[in-house]
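So, here come the structures, one by one.
Each of the next two complexes has subunit A plus one more chain, namely subunit B in the first and subunit C in the second.
So, the complex of A and B:
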């Protein structure tokens, strides 16, 4: 075995390095050193992101087990940048009395899931893929259960781990069928040996179900609302952005690379799933009273739009997908940032509690409004561009009917985003949420998200850069 | 970036200035300066445009500029104007200027109000200067979204309901437009989204049959096409004065302009084949809007339904697909924009004093506020088409053009549409007689004051424009009519 292969996995190695340093520091630092723990974590992660943000030549390592493409750098950078933002938002929450001794765990668990996603993204073999998937799921359950004495958090974790285990089992069953019918698990070999026999179609359906669960497409979405509501808000933010983004990218590359021969079948399946996710997600979001549940359903419907780009299956679709994930990360993390700041300071999470927020917290309200407009696809916020590009990618393949339904759904989604805007700006409240002074890292995180929301669309460089990598 | 981009730049700078301003004085100063600059620039543009034409420049669009924006997707930021867009820019500048004056004392949150108002202006001006499908659609949506907060926050009556209804219906329309744009782009196999380039390509007729109704319907929603006009009465009635003015005066014209610039121009074969469907619908709009206005008792509702009728006439004239009628359509856009803005401004001023818009409670206003009342009469006369004012010129041109179509179907519908003139006279004269003349029944009204300087200024500007358009229409109509040659050429190919 050629050990130099290890050094090719630069991204993963540097992330592991970050984790080890943090682990050692967490153990050996005293009470005083603990105070700087988060700063150190953010700094190291920032360094890790910066070092690995330049794409390299494509290569295979370990005989094809690990496979790298330049576009993966874009995805990994987006994911780790999003993780940094999440960690900035979590800062204040982790300093609480009951969590102060567990900051190490939180960051360590988060980074483990990130590492899992890295492996999932770069895998060239189903075995590595499954390891990555599990590594991304199991620490996630621990994160969901982070407030373990709060019943909802524990309950959410139980729901998450059961559904995740079930999904993995089904996925593995699918993989075993694939192995049975082709005799290999390497993606490159599979591409040639999948011919579209009924067994392989069945294998694909089982396998894909596991990924659909991660992306929380309808009808694999039933865990989403409960977990989102019960989990600590920052974990929910992470779950809805990073975890989803990684899974969608992997779905795209597997479908086009490995299951290219089954194109007709997966287009049919995805068509139905997109339709269901967008519509069902929207219709349920209409009825929600709790902010976090509301965002859960909104994220289900957003996932539908992302998968619309997967459906296109072209390089243009891949570019639109990654760009959408980036924009979605900015907008959604901004919304979650505001929600978590408000939840930490006032404990309120109902939409009705936001009534009259503009009078007391103008800045938070404006940030939230801009992010919601971006999610709703209003120009000149980035969300408009990302939606438009997804629709373009799908239109190129002729999915006009689906686009039309998706477009009508954007109108519905605008309705419920406007409900929140209305609550903040139009409605009166006798006892509005008091004026909140948020902590510096959370402010910076919010500012970064706002920068993304306002500038990503207007600066075409970002899209074009991703486009060049995705070719 | 070129000369035209200044129309987007000024409102952007206005937003920046508003953002930094501290007191109401500063806010007013910034808003007025910006609006005046826009008006001056619109005047300069008109002059330059006409001078360029006189000098013999016969290009389809003038002052064109093109910057690549999203290279892989062939999205450019391209701008250019022809006679129609120049006319529209002039109209928008006038309405924005008078709108700023009409909302001089807006309360509460003046800063936020003018911020959103400027954003709305960016959308409107941007829409008229671009020649790229993507940018056009983007500006269209930018113009829509501020409406929600403008109505929701500063409106009156059932404002939350109306704001939501308006936003969602117009966004629904924009969903159709987006589908149409994608269809046109991929259907034509083009490598550009520039309208001028796209018009040279032939989109297969099978695709045109799908996308013409889609695009026309999409823009038609904003043009108050029956049965998708229902947002208009509620929205206009609840909106604050300046927003009603801008929305009915300019934003509804985006619909007509889009139908003409995208639906007819890029999909001409299907337009000829399927125009009958929309002629029927717009015919209904024209007559139904006028009849509805008769039975309303709220001044704003009357004017909103009257807008449905008049804007219906715009779309009706566009669908006649000949040069005279289309010239009339653009003239009608101008004329309706000016007079409906005047109406809404006056209604706002009357409402600000009497705190009611119910015509059953108003009477004898001529005695207490003679200036406003006389202006109201002038607006009414323009609306019912009195020669010498703008309405006459526009409607006359439309009907003459419509009658040029020799077949029974077009003539029957033209006759039906013509009848709206009579119905318009009924509701205008009824309202004028009821609220302006007679005895003052409510003693409180005797203490009310007439218009103050900024109100007088705003109203006078509009009346001057209406009279100018009505008494000397030729230079505008020639400018418009010359720019329609390419469109007619498309239809004849």
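So, the complex of A and C:
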């Protein structure tokens, strides 16, 4: 027995190392040391991201159980960078009286979900994939229930865990059918033995339903709005960006690698799902009064755009997908950052409460506006380019009608993003939210997101770099 | 046989088996009736008052800790039979494993789980 296989899993090992160091520090440090806990966590996670950001040669470890491709480094780096931003936003919230002695737990649970996503991304076998999926969803439910004495948080967690358990059960049933019809669970072997028999199509549909649930595509989206509204805002941000990004990438690599033979079937399924998600997400977002519910439906429709890149199924589609996830992470985390700062200081989450925000908090309003423009896809913000690349990848495969409908929906989405902007800048409010001085880490996080929103579209090197890895 | 009729056969077999099992049980099982059968528990003390009350679930923490050591012991047994062949690497692996579990215990201890409330 030797350890060479273990040491190949550099990203996972270093993340486990970070978790162990933080755990030991949390157990053995006194009251005074607790104050530096978050700084330490951010520093270690930053170091972890920096060490692992360079791609390596592709390899398989543990007899194909774990498989690495250079493009995974890009995804993992984006996910851990987004996690760092979430942890920066959470800084002040965790220092509250009622949460101060639970800040360690928040961070291990978050890192544990991140580790699960790492395994999910790099898995070369359905078993490792399922372990990763569970490792990513069970701590997530604990995070959703983090404010356990607030009823909505507990309710959201119950909804999340039940739906997640149901989705993984269905997914596992699909995997068992795949094993029954082919006799293997290794992705490499499956690619050859999936022939497109009806049983395998059924197995695929069951399996994919579990992943669609995680990405919250319509009609698997019913949990989304309630969970997003009930969960603590920073957890919602994490759920909508990191968790979704990982699941979409995995969906892409599984569909193209394992289920390549079923291409006709999954293109048909995804076609319908993209159409439904974009349209239903948008139409429901129009009617929302609560900021977090509004963002939940907006994220459903954004997920539809990301899956449009999956539908293309080409290396270009993969590039567009990763780029979209990166830009979406920047814009959505910026919006959630502002929502979370405002919720922490004033407890308000309704869109009507944002009336007149510009008069009292000009900087937060401008940041929010830029991020919403990027989400809506207004030209020269990063969101425009990410949507453009996704459409381009899909157009090359000839999905013109779908792209046309997606474009129409972009206009609808602009309308509701602008409603929020109008509330902040145009409408008056008798009792506006008082001027907020946000804490330093949250400011830095917001600045980083703004940098992404403004510059990612112009820095073509990012898109090209991802494109090189995705080939 | 093409796939749709195969699917139909599978579906019908499934329905038939379930219905047959339940139907047989209804038809051939002996039946007797007395008043006690309607109670929640056929044996034991009759309940007094409402059972919708709060009760202490302090034991679950001990159950979790017990489970932790139980799993540890299960893994130690097979390890101990092959430890000679595994050499130093095996020793380090098990040390890491026990170390992580010990950290879990230390965490629980620190958080005051071991104190009976």
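Everything that follows uses one rule, which is that the second predicted complex is superposed on the first by the 469 of 471 C-alpha atoms of A that agree within 3 Å, B and C clash if a C-alpha of one lies under 4 Å from a C-alpha of the other, contacts with A are read in each partner's own complex, and residues count from 1 in each chain.
Note that in this section a contact is a pair of C-beta atoms (placed from the backbone, for glycine too) under 8 Å apart; a residue touches a chain by one contact, two chains touch by 3 or more.
It should be emphasised that the depicted structure is a prediction, and the values quoted were computed from it without experimental measurement.
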item: First, second, both or neither for A:59, with subunit B first and subunit C second; value: neither
item: Partner chain in contact with A:24 - subunit B first, subunit C second, else both or neither; value: second
item: Which partner, subunit B or subunit C, touches more subunit A residues; value: B
item: First, second, both or neither for A:162, with subunit B first and subunit C second; value: neither
item: Which of subunit B and subunit C A:378 touches, first, second, both or neither; value: first
item: Which of subunit B and subunit C A:268 touches, first, second, both or neither; value: neither
item: Contacts of A:404 with subunit B and subunit C, given as first, second, both or neither; value: first
item: Where subunit A meets both subunit C and subunit B, residue numbers; value: none
item: Subunit A contact footprint on subunit C (complex, rising order); value: 3, 6-7, 86-87, 89-90, 93, 100, 103, 106-107, 110
item: In the complex, subunit A residues that touch subunit B; value: 316, 319, 373, 378-380, 384, 388-389, 391-392, 395-396, 398, 400, 403-404, 407-408, 410-411, 414-415, 418, 421-422, 425-426, 460, 463-464, 467
item: Subunit A partner contacts - residues on subunit B that touch it in the complex; value: 69-73, 75, 134, 138-139, 141-142, 145, 148-149, 152-153, 159-160, 164, 167-168, 171-172, 175-176, 178-179, 182-183, 185-186, 210
item: Contacting residues of subunit A [partner subunit C, same complex]; value: 1-3, 20, 23-24, 26-27, 197-198
